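In this document, chain identifiers A, B, C and D correspond to the written order of the chains, with residue numbering beginning at 1 in each.
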């Protein structure tokens, strides 16, 4: 029998052995750890909003109107005496939902388009990629505006609009990534092994573009949250009494002088969330980057 | 005194405690005017050693201890500014990748003159003159005009010449060349090596040549330093080492080097079975179309006819871009033919699709060049090997699992490895997995596209042995694509030489390699370095005499011997 | 290069073509009767007036015919009239487009002037504390909603310090909105520049430049910067489109009389001719600007310029 | 620069043509450029203006107006009876009538008796004509505008205190003082031309930006963020001028042709469930006040006490009871849409109402939209026999109870509630010339609307009625129905 251990085989490739697990590599970066921690905390807050929030987010006169932060109302109250802390906490749920749904739309549609375009090639590829190119130059805001112009302002419409606007970017990224994977011999090896379309698309291509798409989605989440907040700010998004942060920020500007915390907290909440997803996304990218594979 | 005197050089990445050094106490001296070859397997620390001399170690690489004396001065103690005055001016460096080593947005001229301006404070005009002279010496004609061009307008070989001109223009005392020809075709490699040797001799420059190609070493080196695992295992005079290697590793290394002097595989006529793969005037072009503007198509394969019989290895050789891989892919039906027919195991697969195609794929399988890339990183080894069987259907899980184990063992691996992921294997092991996968459905023929060229010589030899063993046991046929003529000699029964999409010579391996009739074949063979310093300079055919005719004039197939044809 | 630009131009034309179709269909997607919505406010509107409007919008004809009419009028520079006040939409848009363009261009200049050097510096100091600080600042910058930033700047610079005018359309009035837009985009530019430069710095040809013994500054200036600019410019087009979009928000805050504010009003007023015109003009502008940047890109990259 | 008054508002005019728009923003500007036959005194009563006197025929179908001499159009031509005729004929132009044609009443013809005498002939009596002619809807357009290209956008020749100079849509309207202006009856002390040279009317949508402008002195007059009014008053940095007799009325109305609001109990439940007083004081403090009547304070026929007796007053238990009768309970809430138009903090107010409704088991979804869109939606909701329950917070400003005719006489402005009985009552309000009789008729109508909870009044005023003014600006005042007057304004040296 041939020597099983194959001792002489390239130790140069050895570094791929014992590669540290992905999550470990992620949290080893301070940014990754911080980003992940904040995101996990946000998700926990969103899930446990009912338990965490001391008051109902929409119940008026939970306290006196416009009281400044105090022990009773950690972040003060708004002009209706609603507890700001409770609103921010519930807003986390909503904001994450917005982000997830919008990104969910972009991600699914974009990935599908990208995959199919890369896989099918030929006319289908050209058609799909050219049309996403066309949508690309419309910009997010324009699509959102057109959408809201037609269907009227609402949070759902804003989410869908932001989602659609994101599609081209996801499609392009996925397309490029899938093309790269397709060009790798393992893909052809599977074709040669006789794998059918579904197998190639969903067992080989998809899992291999997923890491890239996850990074994009994490970064995209922050984008989507900001875009939806901007729409709310313009009055094209969430409708009252929904405690959406962008809408809260927008409502709070009437009290810019009298009760600055009404703008400060939603603003900070948006910034913190966006920040967390951004640094998490960056850290993910770093952790997935082959060049960083054996960093200590 | 030696020009360069390195002692106790230790280089590591990251923290000393956790990560072992990649270069470990290396001693190395280079005399004035001397050509020293640094050899060793991949990852042995050759490049790191060289880069540490010019202080260009990658970001996190650090010299942990040691001394690098250059012209009597310790380079490790130099400040950044001082090091920069040495770099380029006294020590030149050439890298492996000619395609990416030049800045794509600056003209060749700008890149050639800037070092002259910086180091020698020459005027623009003077440095231009020097640059032109240097370029001309490297054999690039119309150099004055060429200065205004950008790198993308140059071929790989020309870019490497530019690099050499750039580095030699300052007449450095030492030139370091890290795998300067690995990315190039053999014919161009030969020219570049000749150029390097001439320039080094003329300017009395010392050369540290890093390579893993023993042929190149034998052609060029005065002295050889062999590295393994970060340590120098042997060093000595070139001829001496080739004649009587001392270290165990060196011996294995040299033994594994295939040479053109090995006896070719010979098999008597009629020893092979029926035809398992037949290509009939197959053509394939790329390009054309374009969404808005049409592009001129490129004929990658142009009316090729070939037959491979059971139990036979047909090697396909030729320079880069000649269409070898495309031909292999056409045979696999990974690419569709424009014209002609592909017949596999008696069945015309040219117009097949879907189920029919999948059935045929049980008869023909493929092995790729890069063993790592050819395995889905997210599939375990077992799953990868099982895939063809699952796709073919009919077998239950247990049977498949058993067969995966058997195949692994057949390929020289342990059945227990099925659960491992590709990144947990070495390069050679990965290629064995790829072979096991190819064997999974009992194919009649395997198309192997440069299956060993990403591997170290020693591993390469083992893989070739395995392939031969399998072939003999099961009457497998191989369409073996390579550019390495020594490998051809080792494994092929017959050889087809490709050039610009056409087969220009076809015949038994022994005939083609020993009595090449087509000038192109002869130039290929002439360019292949001989891994024997004793026969340095001796060429099978004087390269200069060979004039390869332009392809347009070639046309007719002509038999020039027993089963030996050329296109003339 | 001509071929490259030709392709991009064709792409742009295609975009505009698609936009014209989308814009024609837009009004049909509105739930309910758009003309009635448009006229609802005017109590005295006669059925004849509504009919007249319907036919002037061509809504009484099959969609392909409508499309042809629309394009026909478009080619004569006619985008119809506003529902409220019956003014020429084309005139209105063209009057205000320069304001938005000026705003976006100035913002882009600010973003570039701040973002590029910082991104370059961060790339150069990669891995150091400075890099960390710069990039955290940049991410934080991206994370601040720009409408919030706008208000903060407004109160700080215009009210507290009183050094900039608050709102309106005087020559100095552009500063605040441009600053808002520019600052929040500077962060993006900085990050883009940094990653492009880092990419370039790890390229083989930079190692070659070092191997030639060039002084560090020269390597950075000639080799890194020149080569790194190419990818940065390619994303500038998108950046600009992004700013045009962001302009809608800041225009509203600072009463900058741009096309975005017009669109926002039109949306709230359901003034469909204006919305249609806006989308068309906006998309065309983005296409043209991107094309211009493509030309710059082609000039910077000899691989394209020379082919 | 010196001599300029800068007045910033949240939005722009639609047009300079008084026959082409209805927005308050437009009307305010027309009132500066054009003059009217009549004017209002500070109580909102019609008084002579361009017309020094008028006479009505006994049957109420003929009105003869005697014009002042010496009124001059901005182009220098005298303003006379021909201009009046031109204006009315234009409003009734068959191919392109005024968008408020209905409010002019049943005018049959207008005759020029002599240059200073003009006679209106009506098909039937229409008592609201006189108050209408005091409003800027009836702005007298000089006949020299005839045939001018760009009338309404770049040309607007009137005879008011300010001459139109230029309009950059979305940005700024520039008016120059009319040196020839003679004030015959408008509510300004200044008998002639304005004191300052120019009036710049700019658009600044963001309230905080307007406040910032006021603070820096870039803006002289503007609506401040309502929430900062108290603070401004206190600090004394800016003067706050509140308009009175705005004629504005904010009310709930319902889609009555389908469940649940086809049932009077559901409408009453809403009325009982909501406490406008509490809501208003929370949102507007003392800037606004509850309104019991379907027409506003200052308008003929308004009587708080009378209306309070007929309007369902805040009583959440009663509301719960009514809802219970209809089969709704807190665990089975009544779900409705609440349409609200943007601006003026109405969104905030709606949130309070939403919370109040929620307390009795009515789940209201707030939908914000522009007034134009809302008008259309309300009509659509009324015409649609199916769908979720729909109610809206509507707003109207009118100078006469005739508004009730416009809203609730068949077919109804929004195709909402109508009945033959109500039609008859409304018709009476139009023809009765005797004040007391008419008042009685108006009261009958109001009682009907309130008891059936068709028109549930909430508060007045409702929009654009608070002005913050820089301290150095003197003489700024606001006439009834929110018409700011700039003729008396003098600006002390800025520094």
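Some observations on this one:
Simple rule for what comes next: a contact is a pair of C-beta atoms (placed from the backbone, for glycine too) under 8 Å apart; a residue touches a chain by one contact, two chains touch by 3 or more.
The chain lineup, named per UniProt: A, C = ABC transporter permease; B = ABC transporter ATP-binding protein.
Note that the coordinates shown come from a computational prediction; the quantities given were computed from them, not determined experimentally.
Number of steps on the shortest path from chain C to chain D, with steps defined by chain touch: 1. One finds 23 Å separating the Cα centroids of chain A and chain C. Centres computed as Cα averages put chain B at a distance of 86 Å from chain D. One finds 43 Å separating the Cα centroids of chain A and chain B. Spacing of chain A relative to chain D, judged by their CA centroids, is 47 angstrom. Counting only residues that touch two or more partner chains, chain C has 151, 155, 252, 268, 270. Multi-chain contact residues of chain B, defined as those touching 2 or more other chains: 291. Residues of chain D found to touch two or more other chains are 206, 208, 342, 369, 373. Touching chain pairs in this entry, ordered by label, are A-B, A-C, A-D, B-C, C-D. The touching residues of chain B, when paired with chain C in their complex, are 54, 56, 59, 80-81, 83-89, 92-93, 95, 97, 100-107, 110, 114-115, 118-119, 149-150, 152-153, 163, 166-167, 291-293.
Taken in their complex, chain A has these residues touching chain B: 1-4, 6, 8-14, 16-19, 126, 130, 184-196, 199, 204, 207-208, 294-296. Across the complex, chain C meets chain D through its residues 32, 36-38, 40-46, 48-49, 84-87, 92, 95-96, 151, 154-155, 158-159, 162, 165-169, 252-255, 257, 261-262, 265, 268-270. Those residues of chain C lying in contact with chain A across their complex are 11-12, 14-15, 18-19, 22, 26, 29-31, 139-140, 142-148, 151, 155, 202, 238, 241-242, 244-246, 248-249, 252, 263-264, 266-268, 270, 272, 275, 279, 282-283, 286-287, 290. Only residues 58-60, 65, 79-80, 152-154, 235, 239-241, 251, 253-258 of chain A touch chain D when the two sit together in their complex.
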